[in-house]
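Letters A, B, C and D name the chains as they come in the text, with residue numbers starting at 1 for each one.
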Amino acid sequence: MSFTFATPVRFSDIDHAGIVYFPRFFHMFHLAFEELWRARMGPRAYVELLDRDRIGFPAVHARCDFKAPLRFGDTAEIELSVIRLGGTSITFHYRVYRAGEPERTLCADGQVVCAVVDLARFVAVPTPDRVIAILEDLVEPPA
Amino acid sequence: MSFTFATPVRFSDIDHAGIVYFPRFFHMFHLAFEELWRARMGPRAYVELLDRDRIGFPAVHARCDFKAPLRFGDTAEIELSVIRLGGTSITFHYRVYRAGEPERTLCADGQVVCAVVDLARFVAVPTPDRVIAILEDLVEPPA
Amino acid sequence: MSFTFATPVRFSDIDHAGIVYFPRFFHMFHLAFEELWRARMGPRAYVELLDRDRIGFPAVHARCDFKAPLRFGDTAEIELSVIRLGGTSITFHYRVYRAGEPERTLCADGQVVCAVVDLARFVAVPTPDRVIAILEDLVEPPA
Amino acid sequence: MSFTFATPVRFSDIDHAGIVYFPRFFHMFHLAFEELWRARMGPRAYVELLDRDRIGFPAVHARCDFKAPLRFGDTAEIELSVIRLGGTSITFHYRVYRAGEPERTLCADGQVVCAVVDLARFVAVPTPDRVIAILEDLVEPPA
């Protein structure tokens, strides 16, 4: 199972070569992560996790293969699943597709490994149960 | 040998957790790449390569390990070297340090693999001699 | 009559003071403009106007009063109307509200004056009929 | 007297029309403001004002006339002066020039009015002496 967030490529997302500036794909990944929280827990759930509970998910590793360009006028479908839901870190899997008929095109395939940390002290803490509850149906079956 | 570009972390580079938003590190990588062209060939060399010669370097793979956070008020030193200067692709190595005394701190260590393409047709072309000339002293010795 | 586009404030929209970085409000204005085209003409209408017809709307003046801050966790409602639909320029009116109960809060009230130009030559051209058709019901009645 | 910060237009500063995305000009304004603090007080002065003294300068009004486009490959010279150094607010004047020979070109002419606030409570406070000291030689003579 996966979660998908679709968004138009924005007028300002592109670079001088006319394609989506590659760092923006990592931003798209984060948009899908933010939208997952909204969709499952409401608009304030993620900010409360950060501000009240002081739990955050800083990236410790990110990677992406870029397979096809995205351009202004395209619609991006960002698919989020979970490769590993660990005790103190989470590996997210993101795929960005260009929407299209008859088939959409895979443009980017990436992963982000996040630590689970206490933001007040920036040290690792156990993944909260609430976070596990939100993510566990998104864990990919073993390949 | 490497090329270094230093820049302050900007007021708007950070995210709600108060640290540099991780996609911005990939933007920092690109800033160093742009500055390398300026430093070695002048302010218009890179845009002319793109617009007149129609040669570009789209990223086909990017990766980064994030080792320590950067915050507003920090100065980032972005170090660029070349891991592989291939016939139709180039692997760049980027390290971002937080400037400091007595020692700077490694915050991010990443790589970006770029294809060399004809932007008019978006197909691979041989790495131009001029590009090799600019980059060859930055190739890292074998480990 | 007005057109409204709602979007969450993003994790990376804020600055080191913890509020939406003020230049981002002008970006929000543009998002509403892009969404208006999508809503009324489909996902490719605006890019085709730009790329095929070579008509664009560069800003010649922009202004904004900032009345209340927006923060991560807020939902922004961006309202677009038209103050003046001229022969070679258009004055847009944008208001950004923080969604809320029982009432939303006005955070920003701005205007953007755009020229209508031929992008190939960057000279003013008459506002195309199609553009007038999309915008005319959004023209505000005289105050 | 004025303060000038020069920066290349970045690969990602432009939009699909191939010119600097107009909200980025307001970002350029802020870059000059940040660089002024660095130049006059060192790299940590502004962040300490914000974090330790809890003084900030949220924009309450911003405006800009766009007079000529900036493109990738151009160098922007951002000139900062002060129109009004008030007791609880400051009006900054920013002009962005495209560097060039024999003459540079004025691309943007804008103003930003900032309140001086206690960031902890988001209420107006008197402009600190230190801020006056940094800015007073930048106040424009009456026209």
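As a working rule, contacts are C-beta pairs under 8 Å (C-beta built on N, C-alpha and C of every residue); 3 or more make two chains touch, one makes a residue touch a chain.
As the structure is a computational prediction, the values presented were derived from the model and not from experiment.
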Pair with more cross-chain C-beta pairs in contact, given A-C and B-C: A-C
Farthest chain (mean CA position) relative to chain C: B
Chain B and chain C: spacing of chain centres that average the CA atoms, whole Å: 34
Where chain A and chain C are represented by their mean Cα positions, the distance between them in whole Å: 27
In chain D, residues with contacts to at least two other chains: 11-12, 16-18, 21, 23, 27, 30, 47, 50, 72
Touching residues on chain D, where the partner in the complex is chain A: 11-12, 14-18, 21, 23, 72
Interface residues, chain C side, partner chain D - complex: 16-19, 21-24, 26-27, 30, 47, 50, 56, 58-66, 69, 112, 119, 122
Touching residues on chain A, where the partner in the complex is chain C: 8, 10-12, 27, 30-31, 34-35, 38, 43-44, 46-48, 50-51, 71-73, 75
